[in-house]
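The two complexes that follow have subunit A in common; it is paired with subunit B in the first and with subunit C in the second.
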Partner chain A sequence: MTATVEQICTLLEPFNSNGTTLSARTDISSDLNIDSVTVMDFVMEVEDHFDIEIPLNLLSETRTIGDLAQVVEARTKKG
Partner chain B sequence: MDLLAKLQGIADRHQRMMSMGVNAIGITNDRIISPTRAMIEGRETILAGTNNYMGITFDPDCIEAGKRALEEFGTGTTGSRIANGSFSLHVELEQEFARFLDRKHCIVFTTGYQANLGMMSGLAGPRDTIYLDADSHSSIYDGCTLSGAKLVRFRHNDAADLDRRLTRGEGDEGGKLVVLEGIYSMMGDRAPLADFVEVKKKHGFQLLCDEAHSFGVLGPHGRGLADEAGLEDDVDFVVGTFSKSVGAIGGFGAGNHPLFEYLRYAMRPYMFTASSSPASIATSLAAIRKLAAEPQRRTRLRDNSARLFHGFRQLGLDLGCDQVSPVIAVKCKDEPSTIAMWNALLRSGVYVNIALPPGTPNKLCLLRCSVSAAHSDADIDRIIELFGTVVAQGHGQTAANV
Partner chain C sequence: MQSVALLREKGGVEGLVRTPRNNRALPQVLAAFGTLAEGLDYAAQGVTGFNFYSPRGALQHVLTYAELRCRALSTGRKLLSLGLRRGDRVAVVAETGPDFMSVFFGCQYAGLIPCPMPYTMYIGGKDSYIDRVAGMLAAARAQIAIASDDLYGHIAQGAAKAGVSRVLTHAELQDQPEAHCKLESFGPDEDAYIQYSSGSTSSPKGVLITQKAITANARGILREGLKLTPHDRAFSWLPLYHDMGLVGFCLSPMMGQVTVDFLATTSFARRPALWLKLMSDNKSTITYSPSFGFDLAARRVNGDAAALDLSSLRVAGIGGDMVRSDVLDHFASTLSVAGFKPAAFLPSYGMAETTLAISFADCDQPVRVDRIDRLALKNEGRAVASSEKGARSLVVCGRPMSDSEVEIRSETGDVLMDRDVGRIFVKSPSLMAGYYNNPEATEAAIGADGFLDTGDMGYWLDGEIVITGRAKDLILHNGRNIWPQDIEWVAEQIEPLRSGDVAAFAVEGDDDDDDVVVLVQCRLQNEADIEALRHAVSAAVHRSAGVECKVVMVPPKSLPFTSSGKLSRSGAKQKFQSGEIAELMPSVFLQAAQ
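== the complex of A and B ==
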């Protein structure tokens, strides 16, 4: 597990109410059974933790924790 | 794979609701008696969840104007505004709204939902960024998506958070649009407009305020939150709806920008749909003149809202916001108890809205009331009394099957 994935997993814990085991392959919405608004709330936490911008437009193609980690890494490098 | 298979979860959730009573998210009004009364499930019911803020839906002058328009202009326009669907009525309504709003330009849409779809997508394009409040109405989210702009969501009513996000996007080219609402439809709270105007001075963006729930309601002229806050010059664009204070259906966008009128040729939700029916436009026209001539409607609404708000507070209910507002949401424990209480309230003769996640912020389950200027003191007191038994004392929390 990369450092980014690990940090994302920690940020995701408060939203993980059914105690799913988290990994890079976890589908954030369907595996955790959380709705679209909650996904956006979670992404806002990720934005603030890494001090980056993750536009909503990217979310439709960001399904797993691994996908999100890639977005985070690409955007942290840029800044 | 069956495309509709993904609806199974919704079907299961709906079945659970139906097993507890009637369809809370699709109740049928068999007859509408007045702005505050309907026949529902065979009972005369107080309506306390209709957004009919001015209570204008049965105004004799509005009804007369609608009848006349039906006779003079027919049942429908059969065309879009950019083809054959612009009647003198539409133009007159736009002029009347511009006057009421004290804006140079106003464009009328077929629904309030389309007003937001049109304005967001007309104002912003793929090179621009829209900053939208996290609690924005779905029509704003959908309009933002349609625009193709970069979408950045900021924390609800948090101007400092918007400031931070604008700073992150400082190097971006293209325009920036910030979208707020006058009164948020679920919790009833207002945007802290002065704080956002400060951020605007620092970063320079164009500001749109959706006054759907505050138009007709707030401000010395009833123009909404910006009117109340005395900050209309700082708000570049106003959006609103005819389906609440105006008691019809339709929506508007307004502004002073010299190129504003050309939005008509850049907004697909305006261009590619039939224009509002003559009757709807005519009743809206009569209603806006009433709202201008009868400020006592706003006073009455404010008094009624205060009466319900303080009554609920005395019951110790957990409310959506701490300011008197015509939208008063009561926070409930969970989905089953909310459904049970909603059914108990309906059986006792009051209709309110049920609001459940993801339609609410922070996964809240709400019994949402909206107050009307047409409610009597006795109506408000009855609503308070019923919330006392059903919600505060908990008599409706499990008794839904009785």
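== the complex of A and C ==
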């Protein structure tokens, strides 16, 4: 597990109401019991934590925690 | 004062000054214009306009009406240089910002019909977004689609599916030369724009709004609904591809020359409390939201409410979903410490087919709640006043605007009186011209007598409308309308399901928000396969509609169909609620539900 994946899992844990084991392969929208409004809350946590903004097109292509970690890494490198 | 460093960190721009509250020299004119272009010509003589805030709440763009007019005139010429002809449809993604505004109003000056398109907001929503865009582009027979750099790829894929060959980014459009011709704005007897708010993804319908309709509706909104004054300042986080955002908080304020401060919907979704903070900073007087927005903001404001000043807010309008009195009470009690006055709440009723507004409560009066007996409503179709504990609280949505006629009719077409529940019909100058290029749907909606069948159910109470439920099959969730057809369609794409295997409907939850139930006819035997299918359906529904649903596996051939071979959702719901259709795997299902 990369450091980014690990940090994202930590941020996601409070939203993980049904106790799913989180990994890079976890599908954020379908493996977790989390509705669209709560997902945005989580996205904000991620943006604030890494100090980035995730554009809509990238968000719509993101499925798993691993996908999100890649987006985060690409955005943080960009600075 | 914020430091420059902090401002930059929040995505703000140094030295920007937001537009002022009022036009000292320019007398306020409340939408007494024949067209949107005429309204903008007048507003451009003043100093008010639109301000856009960053996702972290810093001022990012200022667009006075004067500057918007300049940009629109130039953008209109650039659109015409692409060879577009009068009345051609220009699809444009309605991201909250100056680019969208330039194209929308550019079209008004160039005689082109803008079609504001949605953006995708969901994690993993790409595929269903592209399908949705393709359906919309096809329904409008758009000649061109315009998007931001970010969404260009998605829109281009949707355009390819719809056979729309020309897709430009805003920057590419602005790089075009200006056509050297006289701009001919739309006249008062011409069209204005196409609004998508109605119909499912599988067959979207574009509501064609004329200049007559938008100017009439803006007049009603400003004069009768909001009672606008020169001292007003509006605030909106509503999406501009939706009628409440576009008409209520972009076109109407412009037609009354007041300033609007915007927070993008995507920013609101991440930080709902920022809405309240920015209204406090701007001393906003008018805002609007579906009930769920007030709910979200009140929950997220945490301990910060006391630092806010919402005492200037005189209109906190509610529309777009069933107005929920419990949510309003919670918001009012949480924000009373910030000087919020509950009398500011303004319930209203409307829809894209009537441009936006149909009725408004009196904006100077407190919200009126009617408590009625649930059983009498369900069994007799009567709204019987009740003070019992289990009574249903309904918010009264006000009188129809003075230029319109509203009738509530029984199933046999009789006009009903006070407290009899029936279907709501509307006739007004704000009515759509029709669904674009869809005469069958138009004929089904607007009768020979000129009345629109809203599909909504309600009753009269002393001349005011009370809504008991929206269109029969429509699912209401967090202020959004979800079409069951869309949920069924995505589920039916999953192997081994076929068309007709899925029925989606809403079951009214305890809090008046809908719970979504999806019945799936299942021919699988193996328990693991069944659970995999259940998971796949739930995931697909989540990705496309953004809602949690309860997937119930039911035996093959158990879903009811009408005599004409159409799925009967109400029949399926009734059988499900009575227990006649039940889950195949009750033990597994119960575990999952816990």
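As a working rule, the second predicted complex is superposed on the first by the 79 of 79 C-alpha atoms of A that agree within 3 Å, B and C clash if a C-alpha of one lies under 4 Å from a C-alpha of the other, contacts with A are read in each partner's own complex, and residues count from 1 in each chain.
The rule we apply is simple: contacts are C-beta pairs under 8 Å (C-beta built on N, C-alpha and C of every residue); 3 or more make two chains touch, one makes a residue touch a chain.
All values reported here derive from a predicted model rather than from experimental measurement.
**Q** Which chain, subunit B or subunit C, ends up touching more residues of subunit A in the combined arrangement?
**A** C
**Q** Quick one: is A:Asp41 in contact with subunit B, with subunit C, with both, or with neither? Answer first, second, both or neither.
**A** In the superposition, A:Asp41 contacts both subunit B and subunit C.
**Q** In the superposed arrangement, which partner chain does A:Thr62 touch: subunit B (first), subunit C (second), both, or neither?
**A** second
**Q** What is the contact status of A:Glu53 with respect to subunit B (first) and subunit C (second): first, second, both, or neither?
**A** A:Glu53 sits against subunit B and subunit C alike.
**Q** Output check: A:Val71 vs subunit B and subunit C. Expected answer is one of first, second, both, neither. What do you get?
**A** A:Val71 sits against neither subunit B nor subunit C.
**Q** Could you tell me if A:Ala24 is touching subunit B, subunit C, both of them or neither one (first, second, both, neither)?
**A** Neither partner.
**Q** A:Ile8 in the overlay: touching subunit B, subunit C, both, or neither? Say first, second, both or neither.
**A** A:Ile8 sits against neither subunit B nor subunit C.
**Q** Which parts of subunit A are in contact with subunit B and also with subunit C?
**A** In subunit A, positions 35-37, 40-41, 44, 53, 55-57 sit in both the subunit B and subunit C interfaces.
**Q** Give every residue of subunit A touching subunit C within the complex, in rising order.
**A** 27-31, 33, 35-37, 39-41, 43-44, 47, 53, 55-63
**Q** Would you tell me which residues of subunit A are touching subunit B in their complex?
**A** 35-38, 40-41, 44, 51-53, 55-57
**Q** Residues of subunit B touching subunit A in their complex?
**A** Within the complex, subunit B touches subunit A at residues 129, 134, 144, 150-153, 155, 165, 168-169, 357-358, 361-363.
**Q** What does subunit C use to touch subunit A in their complex?
**A** Answer in residue numbers: 11, 55, 119-126, 129, 150-151, 153-154, 266, 269-271, 292, 296, 478, 535, 538-540, 542-543, 546-548.
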